[in-house]
Amino acid sequence: MKIRIYYEDTDAGGIVYHTNYIKYCERARSELFFSKGLEPTDGDASGFVVRHMDANFLSTAKLGDMVEVSTVLIKKKKASLVLKQTVTHIDNQKKIFEMDVTLVFVRNGKPSAIPEIFSDILK
Amino acid sequence: MKIRIYYEDTDAGGIVYHTNYIKYCERARSELFFSKGLEPTDGDASGFVVRHMDANFLSTAKLGDMVEVSTVLIKKKKASLVLKQTVTHIDNQKKIFEMDVTLVFVRNGKPSAIPEIFSDILK
Amino acid sequence: MKIRIYYEDTDAGGIVYHTNYIKYCERARSELFFSKGLEPTDGDASGFVVRHMDANFLSTAKLGDMVEVSTVLIKKKKASLVLKQTVTHIDNQKKIFEMDVTLVFVRNGKPSAIPEIFSDILK
Amino acid sequence: MKIRIYYEDTDAGGIVYHTNYIKYCERARSELFFSKGLEPTDGDASGFVVRHMDANFLSTAKLGDMVEVSTVLIKKKKASLVLKQTVTHIDNQKKIFEMDVTLVFVRNGKPSAIPEIFSDILK
(Lines give C-alpha, C1' and ligand atoms only; values in the text may rest on other atoms or scores of the structure.)
Protein backbone atom coordinates (compact mmCIF):
# COMPACT_ATOMS: atom_id res chain seq x y z
CA MET A 1 0.00 0.00 0.00
CA LYS A 2 1.56 3.25 -1.21
CA ILE A 3 0.66 6.61 0.28
CA ARG A 4 1.56 10.13 -0.87
CA ILE A 5 2.14 12.78 1.82
CA TYR A 6 -0.15 15.80 1.29
CA TYR A 7 -0.43 19.14 3.14
CA GLU A 8 -3.17 17.73 5.38
CA ASP A 9 -0.69 15.09 6.62
CA THR A 10 1.98 17.56 7.73
CA ASP A 11 2.12 20.04 10.61
CA ALA A 12 3.89 23.30 11.41
CA GLY A 13 7.02 21.28 12.25
CA GLY A 14 7.31 20.71 8.47
CA ILE A 15 6.92 16.93 8.71
CA VAL A 16 4.11 14.40 9.01
CA TYR A 17 2.06 14.83 12.22
CA HIS A 18 2.96 11.79 14.34
CA THR A 19 -0.49 10.19 14.67
CA ASN A 20 -0.91 10.09 10.91
CA TYR A 21 1.43 7.10 10.60
CA ILE A 22 -1.08 5.23 12.74
CA LYS A 23 -3.85 6.30 10.35
CA TYR A 24 -1.84 4.98 7.40
CA CYS A 25 -1.62 1.61 9.16
CA GLU A 26 -5.40 1.59 9.62
CA ARG A 27 -5.85 2.41 5.91
CA ALA A 28 -3.64 -0.55 5.06
CA ARG A 29 -5.63 -2.90 7.30
CA SER A 30 -8.94 -1.73 5.81
CA GLU A 31 -7.59 -1.95 2.27
CA LEU A 32 -6.94 -5.67 2.81
CA PHE A 33 -10.72 -6.03 3.04
CA PHE A 34 -11.88 -3.35 0.59
CA SER A 35 -9.57 -4.54 -2.17
CA LYS A 36 -11.40 -7.89 -2.09
CA GLY A 37 -14.84 -6.31 -1.99
CA LEU A 38 -15.24 -7.14 1.70
CA GLU A 39 -15.76 -4.99 4.78
CA PRO A 40 -14.00 -5.64 8.10
CA THR A 41 -17.25 -6.90 9.67
CA ASP A 42 -19.68 -9.77 9.12
CA GLY A 43 -22.65 -7.70 10.24
CA ASP A 44 -23.64 -4.44 11.91
CA ALA A 45 -22.66 -5.14 15.48
CA SER A 46 -19.31 -6.79 14.79
CA GLY A 47 -15.83 -5.74 13.78
CA PHE A 48 -12.18 -5.45 14.73
CA VAL A 49 -11.19 -2.95 17.40
CA VAL A 50 -7.72 -1.81 18.36
CA ARG A 51 -6.92 -2.92 21.91
CA HIS A 52 -3.19 -2.26 22.24
CA MET A 53 -0.43 -0.56 20.34
CA ASP A 54 3.32 -0.54 20.88
CA ALA A 55 4.81 1.97 18.47
CA ASN A 56 8.26 3.30 17.60
CA PHE A 57 8.78 6.54 15.69
CA LEU A 58 12.11 6.02 13.94
CA SER A 59 12.33 8.73 11.29
CA THR A 60 10.08 11.26 9.52
CA ALA A 61 8.42 11.88 6.17
CA LYS A 62 7.72 15.24 4.57
CA LEU A 63 5.39 16.87 2.03
CA GLY A 64 5.35 15.09 -1.33
CA ASP A 65 7.12 11.94 -0.09
CA MET A 66 5.83 8.50 -1.00
CA VAL A 67 5.69 5.95 1.81
CA GLU A 68 4.66 2.31 1.92
CA VAL A 69 2.87 0.35 4.64
CA SER A 70 3.60 -3.33 5.14
CA THR A 71 1.51 -5.59 7.37
CA VAL A 72 2.56 -8.95 8.80
CA LEU A 73 0.52 -11.26 11.03
CA ILE A 74 2.69 -12.19 14.00
CA LYS A 75 0.19 -13.86 16.34
CA LYS A 76 -3.33 -15.24 16.01
CA LYS A 77 -5.68 -16.33 18.73
CA LYS A 78 -9.39 -17.23 18.61
CA ALA A 79 -10.73 -13.70 19.00
CA SER A 80 -7.64 -11.55 18.55
CA LEU A 81 -4.53 -11.10 16.48
CA VAL A 82 -1.32 -9.12 16.56
CA LEU A 83 0.02 -7.42 13.43
CA LYS A 84 3.40 -5.82 12.86
CA GLN A 85 2.94 -2.78 10.62
CA THR A 86 5.80 -0.79 9.20
CA VAL A 87 5.87 2.52 7.32
CA THR A 88 8.87 2.88 5.02
CA HIS A 89 10.14 5.56 2.62
CA ILE A 90 9.72 4.25 -0.91
CA ASP A 91 12.75 6.18 -2.22
CA ASN A 92 15.39 5.01 0.22
CA GLN A 93 13.64 2.13 2.06
CA LYS A 94 14.33 3.88 5.37
CA LYS A 95 11.99 2.74 8.14
CA ILE A 96 9.89 5.62 9.53
CA PHE A 97 7.44 3.96 11.88
CA GLU A 98 6.81 0.51 13.26
CA MET A 99 4.15 -0.86 15.56
CA ASP A 100 2.74 -4.06 16.96
CA VAL A 101 -0.99 -3.64 17.10
CA THR A 102 -3.43 -5.99 18.84
CA LEU A 103 -6.89 -6.21 17.32
CA VAL A 104 -9.85 -7.93 18.94
CA PHE A 105 -12.89 -9.11 17.02
CA VAL A 106 -15.94 -7.83 18.87
CA ARG A 107 -19.61 -8.80 18.48
CA ASN A 108 -22.27 -6.87 20.41
CA GLY A 109 -19.52 -5.30 22.46
CA LYS A 110 -17.88 -8.60 23.47
CA PRO A 111 -14.78 -10.44 22.18
CA SER A 112 -15.89 -13.11 19.75
CA ALA A 113 -14.25 -15.71 17.50
CA ILE A 114 -12.82 -14.22 14.29
CA PRO A 115 -15.16 -15.36 11.47
CA GLU A 116 -13.95 -18.03 9.05
CA ILE A 117 -14.66 -15.74 6.07
CA PHE A 118 -11.63 -13.68 7.06
CA SER A 119 -9.23 -16.62 7.10
CA ASP A 120 -7.94 -15.85 3.59
CA ILE A 121 -7.16 -12.27 4.45
CA LEU A 122 -5.33 -13.30 7.59
CA LYS A 123 -2.81 -15.44 5.78
CA MET B 1 -16.85 29.43 20.89
CA LYS B 2 -13.10 29.68 21.47
CA ILE B 3 -10.62 27.35 19.79
CA ARG B 4 -6.89 26.87 20.37
CA ILE B 5 -4.72 26.06 17.34
CA TYR B 6 -2.74 22.83 17.93
CA TYR B 7 -0.13 21.03 15.79
CA GLU B 8 -2.83 18.84 14.19
CA ASP B 9 -4.50 22.03 12.86
CA THR B 10 -1.43 23.34 11.05
CA ASP B 11 0.39 22.17 7.93
CA ALA B 12 3.89 22.38 6.48
CA GLY B 13 3.12 25.95 5.37
CA GLY B 14 3.35 26.85 9.07
CA ILE B 15 -0.27 27.99 9.32
CA VAL B 16 -3.70 26.41 9.79
CA TYR B 17 -4.64 24.02 6.95
CA HIS B 18 -7.42 25.80 5.06
CA THR B 19 -10.23 23.27 5.50
CA ASN B 20 -9.85 23.34 9.26
CA TYR B 21 -11.64 26.71 9.50
CA ILE B 22 -14.65 24.92 8.05
CA LYS B 23 -14.33 22.24 10.73
CA TYR B 24 -14.27 24.94 13.43
CA CYS B 25 -17.55 26.28 12.03
CA GLU B 26 -19.08 22.82 12.23
CA ARG B 27 -17.87 22.47 15.84
CA ALA B 28 -19.59 25.78 16.64
CA ARG B 29 -22.85 24.66 15.04
CA SER B 30 -22.80 21.34 16.93
CA GLU B 31 -21.88 23.05 20.20
CA LEU B 32 -25.10 25.07 19.98
CA PHE B 33 -26.90 21.75 20.42
CA PHE B 34 -24.50 19.88 22.72
CA SER B 35 -24.23 22.79 25.18
CA LYS B 36 -27.99 22.44 25.79
CA GLY B 37 -27.87 18.67 26.11
CA LEU B 38 -29.39 18.23 22.64
CA GLU B 39 -28.17 16.55 19.48
CA PRO B 40 -28.64 18.03 16.00
CA THR B 41 -31.28 15.42 15.15
CA ASP B 42 -34.75 14.42 16.42
CA GLY B 43 -34.18 10.75 15.61
CA ASP B 44 -31.88 8.37 13.79
CA ALA B 45 -32.72 9.14 10.18
CA SER B 46 -32.83 12.93 10.47
CA GLY B 47 -30.38 15.80 10.75
CA PHE B 48 -28.91 18.89 9.17
CA VAL B 49 -26.70 18.48 6.11
CA VAL B 50 -24.51 21.08 4.44
CA ARG B 51 -25.82 21.85 0.96
CA HIS B 52 -23.88 24.94 -0.08
CA MET B 53 -20.94 26.98 1.13
CA ASP B 54 -19.61 30.33 -0.04
CA ALA B 55 -16.35 30.96 1.78
CA ASN B 56 -13.68 33.65 1.92
CA PHE B 57 -10.23 33.05 3.33
CA LEU B 58 -9.11 36.47 4.55
CA SER B 59 -6.13 35.90 6.81
CA THR B 60 -4.38 33.03 8.64
CA ALA B 61 -3.89 31.65 12.12
CA LYS B 62 -0.83 29.84 13.45
CA LEU B 63 0.20 27.36 16.13
CA GLY B 64 -0.85 28.41 19.64
CA ASP B 65 -3.26 31.14 18.47
CA MET B 66 -6.73 31.45 19.97
CA VAL B 67 -9.58 32.02 17.53
CA GLU B 68 -13.30 32.53 17.99
CA VAL B 69 -16.21 31.38 15.84
CA SER B 70 -19.38 33.48 15.65
CA THR B 71 -22.59 32.20 14.06
CA VAL B 72 -25.49 34.37 12.86
CA LEU B 73 -28.75 33.19 11.27
CA ILE B 74 -29.29 35.20 8.08
CA LYS B 75 -32.14 33.33 6.40
CA LYS B 76 -34.67 30.70 7.50
CA LYS B 77 -37.04 28.70 5.35
CA LYS B 78 -39.22 25.71 6.20
CA ALA B 79 -36.59 23.03 5.64
CA SER B 80 -33.38 25.02 5.33
CA LEU B 81 -31.44 27.91 6.78
CA VAL B 82 -28.43 30.03 5.95
CA LEU B 83 -25.85 30.92 8.58
CA LYS B 84 -23.01 33.41 8.40
CA GLN B 85 -20.07 32.04 10.32
CA THR B 86 -16.91 34.00 11.01
CA VAL B 87 -13.56 32.93 12.47
CA THR B 88 -11.71 35.79 14.19
CA HIS B 89 -8.38 36.14 16.03
CA ILE B 90 -9.14 36.66 19.70
CA ASP B 91 -6.02 38.79 20.27
CA ASN B 92 -6.48 41.40 17.55
CA GLN B 93 -10.06 40.78 16.36
CA LYS B 94 -8.78 40.32 12.81
CA LYS B 95 -11.17 38.35 10.61
CA ILE B 96 -9.58 35.11 9.29
CA PHE B 97 -12.42 33.29 7.59
CA GLU B 98 -16.05 33.94 6.72
CA MET B 99 -18.68 31.81 5.07
CA ASP B 100 -22.37 31.66 4.29
CA VAL B 101 -23.42 28.06 4.75
CA THR B 102 -26.77 26.59 3.72
CA LEU B 103 -28.03 23.71 5.82
CA VAL B 104 -30.98 21.52 4.93
CA PHE B 105 -32.88 19.44 7.44
CA VAL B 106 -33.19 15.94 6.03
CA ARG B 107 -35.39 13.05 7.15
CA ASN B 108 -34.96 9.63 5.51
CA GLY B 109 -32.85 11.29 2.85
CA LYS B 110 -35.41 13.98 1.94
CA PRO B 111 -35.69 17.67 2.87
CA SER B 112 -38.13 18.00 5.74
CA ALA B 113 -39.50 20.80 7.95
CA ILE B 114 -37.05 21.85 10.67
CA PRO B 115 -38.51 20.49 13.96
CA GLU B 116 -40.06 22.95 16.42
CA ILE B 117 -37.74 21.71 19.20
CA PHE B 118 -34.88 23.53 17.50
CA SER B 119 -36.67 26.90 17.39
CA ASP B 120 -34.88 28.18 20.51
CA ILE B 121 -31.46 27.34 19.14
CA LEU B 122 -32.23 29.05 15.84
CA LYS B 123 -32.93 32.44 17.43
CA MET C 1 -7.04 11.07 -9.11
CA LYS C 2 -8.72 8.16 -7.36
CA ILE C 3 -9.37 8.10 -3.63
CA ARG C 4 -10.59 5.29 -1.37
CA ILE C 5 -12.84 6.23 1.56
CA TYR C 6 -11.38 4.95 4.85
CA TYR C 7 -12.72 5.07 8.44
CA GLU C 8 -10.84 8.32 9.09
CA ASP C 9 -12.86 9.96 6.27
CA THR C 10 -16.25 9.10 7.69
CA ASP C 11 -18.16 10.38 10.72
CA ALA C 12 -20.86 9.14 13.08
CA GLY C 13 -23.44 9.97 10.40
CA GLY C 14 -22.06 6.93 8.53
CA ILE C 15 -20.86 8.97 5.54
CA VAL C 16 -17.84 11.09 4.60
CA TYR C 17 -17.43 14.16 6.87
CA HIS C 18 -18.30 17.13 4.65
CA THR C 19 -14.99 19.01 4.77
CA ASN C 20 -13.09 15.95 3.58
CA TYR C 21 -14.28 16.47 -0.02
CA ILE C 22 -12.43 19.80 0.13
CA LYS C 23 -9.31 17.97 1.31
CA TYR C 24 -9.58 15.55 -1.61
CA CYS C 25 -9.63 18.54 -3.98
CA GLU C 26 -6.47 19.89 -2.35
CA ARG C 27 -4.80 16.47 -2.71
CA ALA C 28 -5.68 16.54 -6.41
CA ARG C 29 -4.22 20.03 -6.86
CA SER C 30 -1.00 19.06 -5.06
CA GLU C 31 -0.73 15.79 -6.98
CA LEU C 32 -0.58 17.80 -10.23
CA PHE C 33 2.75 19.13 -8.96
CA PHE C 34 4.08 16.11 -7.06
CA SER C 35 3.43 13.70 -9.92
CA LYS C 36 5.86 15.78 -12.03
CA GLY C 37 8.47 15.99 -9.28
CA LEU C 38 7.55 19.62 -8.56
CA GLU C 39 6.25 21.40 -5.47
CA PRO C 40 3.54 24.07 -5.57
CA THR C 41 6.10 26.82 -4.84
CA ASP C 42 9.19 28.27 -6.53
CA GLY C 43 10.86 29.01 -3.20
CA ASP C 44 10.24 29.20 0.53
CA ALA C 45 8.11 32.33 0.78
CA SER C 46 5.85 31.64 -2.20
CA GLY C 47 2.92 29.42 -3.02
CA PHE C 48 -0.75 29.18 -3.90
CA VAL C 49 -3.31 30.06 -1.25
CA VAL C 50 -7.06 29.47 -1.32
CA ARG C 51 -8.90 32.79 -1.38
CA HIS C 52 -12.48 31.86 -2.19
CA MET C 53 -14.59 28.75 -2.47
CA ASP C 54 -18.13 28.25 -3.77
CA ALA C 55 -19.11 24.67 -3.05
CA ASN C 56 -22.14 22.44 -3.57
CA PHE C 57 -22.65 19.20 -1.69
CA LEU C 58 -24.76 17.09 -4.02
CA SER C 59 -24.57 13.55 -2.70
CA THR C 60 -22.54 11.46 -0.26
CA ALA C 61 -19.89 8.75 -0.22
CA LYS C 62 -19.47 6.01 2.38
CA LEU C 63 -16.83 3.70 3.82
CA GLY C 64 -15.02 1.64 1.19
CA ASP C 65 -16.27 3.71 -1.78
CA MET C 66 -13.90 4.83 -4.51
CA VAL C 67 -14.24 8.44 -5.69
CA GLU C 68 -12.46 10.45 -8.33
CA VAL C 69 -11.48 14.13 -8.36
CA SER C 70 -11.40 16.05 -11.63
CA THR C 71 -9.87 19.51 -11.95
CA VAL C 72 -10.52 22.01 -14.76
CA LEU C 73 -9.03 25.48 -15.15
CA ILE C 74 -11.88 27.90 -15.79
CA LYS C 75 -10.19 31.30 -15.42
CA LYS C 76 -6.60 32.52 -15.30
CA LYS C 77 -5.32 35.96 -14.38
CA LYS C 78 -1.78 37.20 -13.73
CA ALA C 79 -1.66 36.25 -10.05
CA SER C 80 -4.73 34.09 -9.60
CA LEU C 81 -6.77 31.32 -11.14
CA VAL C 82 -10.13 29.67 -10.72
CA LEU C 83 -10.51 25.89 -10.85
CA LYS C 84 -13.65 23.80 -11.03
CA GLN C 85 -13.14 20.64 -9.03
CA THR C 86 -15.60 17.78 -8.95
CA VAL C 87 -15.73 14.65 -6.79
CA THR C 88 -17.56 11.77 -8.45
CA HIS C 89 -18.40 8.17 -7.50
CA ILE C 90 -16.29 5.86 -9.65
CA ASP C 91 -18.92 3.10 -9.65
CA ASN C 92 -21.94 5.04 -10.87
CA GLN C 93 -20.42 8.36 -11.99
CA LYS C 94 -22.77 10.21 -9.65
CA LYS C 95 -21.53 13.69 -8.75
CA ILE C 96 -20.95 14.09 -4.99
CA PHE C 97 -19.30 17.49 -4.63
CA GLU C 98 -18.43 20.40 -6.86
CA MET C 99 -16.65 23.66 -6.17
CA ASP C 100 -15.16 26.68 -7.88
CA VAL C 101 -12.01 27.54 -5.98
CA THR C 102 -9.97 30.72 -6.42
CA LEU C 103 -6.25 30.39 -5.76
CA VAL C 104 -3.86 33.32 -5.49
CA PHE C 105 -0.11 32.99 -5.94
CA VAL C 106 1.52 34.76 -3.01
CA ARG C 107 5.16 35.79 -2.53
CA ASN C 108 6.25 37.20 0.83
CA GLY C 109 2.62 37.55 1.76
CA LYS C 110 1.58 39.52 -1.35
CA PRO C 111 -0.16 38.48 -4.57
CA SER C 112 2.48 37.92 -7.24
CA ALA C 113 2.57 36.78 -10.88
CA ILE C 114 2.21 33.01 -11.25
CA PRO C 115 5.69 31.72 -12.26
CA GLU C 116 6.25 30.57 -15.84
CA ILE C 117 7.48 27.17 -14.62
CA PHE C 118 3.89 26.30 -13.73
CA SER C 119 2.50 27.09 -17.20
CA ASP C 120 2.56 23.42 -18.23
CA ILE C 121 0.63 22.30 -15.19
CA LEU C 122 -1.99 24.99 -15.72
CA LYS C 123 -2.94 23.79 -19.15
CA MET D 1 -7.90 19.62 29.79
CA LYS D 2 -11.50 19.06 28.69
CA ILE D 3 -12.43 18.07 25.16
CA ARG D 4 -15.83 17.83 23.46
CA ILE D 5 -16.32 15.08 20.88
CA TYR D 6 -17.49 16.55 17.54
CA TYR D 7 -18.49 14.89 14.24
CA GLU D 8 -14.91 15.23 12.92
CA ASP D 9 -13.71 13.06 15.83
CA THR D 10 -16.04 10.16 15.11
CA ASP D 11 -16.10 7.57 12.32
CA ALA D 12 -18.66 5.34 10.62
CA GLY D 13 -18.43 2.96 13.58
CA GLY D 14 -20.35 5.63 15.52
CA ILE D 15 -17.55 6.25 18.02
CA VAL D 16 -14.30 8.23 18.19
CA TYR D 17 -11.74 7.15 15.55
CA HIS D 18 -9.00 5.41 17.54
CA THR D 19 -6.05 7.65 16.65
CA ASN D 20 -7.91 10.74 17.85
CA TYR D 21 -7.27 9.84 21.49
CA ILE D 22 -3.58 10.19 20.68
CA LYS D 23 -4.26 13.63 19.20
CA TYR D 24 -6.07 14.67 22.37
CA CYS D 25 -2.97 13.68 24.36
CA GLU D 26 -0.82 15.86 22.08
CA ARG D 27 -3.23 18.78 22.55
CA ALA D 28 -2.88 18.36 26.31
CA ARG D 29 0.94 18.35 26.11
CA SER D 30 0.98 21.46 23.91
CA GLU D 31 -1.57 23.23 26.10
CA LEU D 32 0.85 22.93 29.05
CA PHE D 33 3.11 25.28 27.07
CA PHE D 34 0.54 27.49 25.32
CA SER D 35 -1.41 28.18 28.52
CA LYS D 36 1.77 29.80 29.94
CA GLY D 37 2.49 31.77 26.78
CA LEU D 38 5.32 29.39 25.83
CA GLU D 39 5.91 27.17 22.82
CA PRO D 40 7.33 23.63 23.08
CA THR D 41 10.68 24.77 21.62
CA ASP D 42 13.45 27.20 22.58
CA GLY D 43 14.21 28.03 18.97
CA ASP D 44 13.52 26.99 15.38
CA ALA D 45 15.50 23.78 15.16
CA SER D 46 14.52 22.33 18.52
CA GLY D 47 11.53 20.64 20.10
CA PHE D 48 10.08 17.51 21.60
CA VAL D 49 9.46 14.53 19.35
CA VAL D 50 7.51 11.37 20.12
CA ARG D 51 9.84 8.35 20.11
CA HIS D 52 7.76 5.57 21.60
CA MET D 53 4.20 4.93 22.59
CA ASP D 54 2.63 2.05 24.51
CA ALA D 55 -1.13 2.51 24.38
CA ASN D 56 -4.22 0.70 25.65
CA PHE D 57 -7.69 1.32 24.25
CA LEU D 58 -10.01 0.51 27.13
CA SER D 59 -13.37 1.94 26.21
CA THR D 60 -14.93 4.38 23.71
CA ALA D 61 -16.39 7.87 23.52
CA LYS D 62 -19.16 9.05 21.22
CA LEU D 63 -20.51 12.21 19.61
CA GLY D 64 -21.25 14.98 22.11
CA ASP D 65 -19.35 13.34 25.01
CA MET D 66 -16.96 15.35 27.16
CA VAL D 67 -13.61 13.73 27.95
CA GLU D 68 -10.65 14.83 30.02
CA VAL D 69 -6.93 14.26 29.46
CA SER D 70 -4.60 13.94 32.43
CA THR D 71 -0.83 13.97 32.10
CA VAL D 72 1.67 12.70 34.69
CA LEU D 73 5.47 12.70 34.45
CA ILE D 74 6.69 9.21 35.27
CA LYS D 75 10.36 9.35 34.24
CA LYS D 76 12.81 12.12 33.39
CA LYS D 77 16.27 11.81 31.89
CA LYS D 78 18.62 14.44 30.49
CA ALA D 79 17.19 14.54 26.96
CA SER D 80 13.98 12.55 27.30
CA LEU D 81 10.97 11.98 29.47
CA VAL D 82 8.12 9.52 29.81
CA LEU D 83 4.56 10.71 30.44
CA LYS D 84 1.51 8.69 31.37
CA GLN D 85 -1.53 10.23 29.68
CA THR D 86 -5.07 9.12 30.33
CA VAL D 87 -8.33 10.02 28.60
CA THR D 88 -11.37 9.69 30.86
CA HIS D 89 -15.12 10.25 30.46
CA ILE D 90 -16.05 13.34 32.47
CA ASP D 91 -19.57 12.05 33.25
CA ASN D 92 -18.74 8.65 34.72
CA GLN D 93 -14.95 8.85 35.19
CA LYS D 94 -14.56 5.68 33.08
CA LYS D 95 -11.08 5.32 31.61
CA ILE D 96 -11.13 5.28 27.77
CA PHE D 97 -7.49 5.39 26.76
CA GLU D 98 -4.11 5.27 28.48
CA MET D 99 -0.59 5.50 27.14
CA ASP D 100 3.00 5.84 28.21
CA VAL D 101 4.65 8.14 25.73
CA THR D 102 8.40 8.78 25.46
CA LEU D 103 9.40 12.23 24.22
CA VAL D 104 12.92 13.20 23.22
CA PHE D 105 14.13 16.80 23.06
CA VAL D 106 15.85 17.25 19.72
CA ARG D 107 18.08 20.10 18.52
CA ASN D 108 19.21 20.13 14.87
CA GLY D 109 18.00 16.58 14.53
CA LYS D 110 19.91 15.21 17.54
CA PRO D 111 18.86 14.40 21.12
CA SER D 112 19.80 17.31 23.35
CA ALA D 113 19.41 18.28 27.03
CA ILE D 114 15.91 19.48 27.88
CA PRO D 115 16.23 23.27 28.41
CA GLU D 116 16.02 24.65 31.95
CA ILE D 117 13.17 26.99 30.94
CA PHE D 118 10.85 23.98 30.77
CA SER D 119 11.63 22.77 34.29
CA ASP D 120 8.50 24.43 35.72
CA ILE D 121 6.24 22.77 33.19
CA LEU D 122 7.79 19.38 33.85
CA LYS D 123 6.92 19.39 37.52
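Quick notes on this structure:
Think of it as A, B, C and D in the order they're written, each chain with its own count starting at 1.
We take it that a residue touches a chain if its C-beta (ideal position, glycine included) is under 8 Å from a C-beta of that chain, and two chains touch if they have at least 3 such contacts.
Note that this is a predicted model, so its numbers are computed, not measured.
Most remote from chain D, judged by the distance between CA-atom centroids, is C. Contact count check for B-C and B-D (C-beta pairs in contact): higher for B-C.
Mean C-alpha positions place chain C and chain D at a centre distance of 32 Å.
Separation between the centroids of chain B and chain D, computed from CA atoms only, is 26 Å. One inter-chain figure worth recording: chain B and chain C are separated by 21 Å, centre to centre, where each centre is the mean of the chain's CA atoms.
Across the assembly, chain D contributes 7-8, 13, 19, 23, 26, 63 as residues in contact with two or more other chains. Of all residues in chain C, only 13, 18-20, 22-23, 26, 47, 49-57 touch chain B in the complex they form. For chain B in complex with chain D, the touching residues are 4, 6-8, 23, 26-27, 30-31, 33-34, 39, 63-64.
Taken in their complex, chain C has these residues touching chain D: 7-8, 10-15, 17, 19, 62-63.
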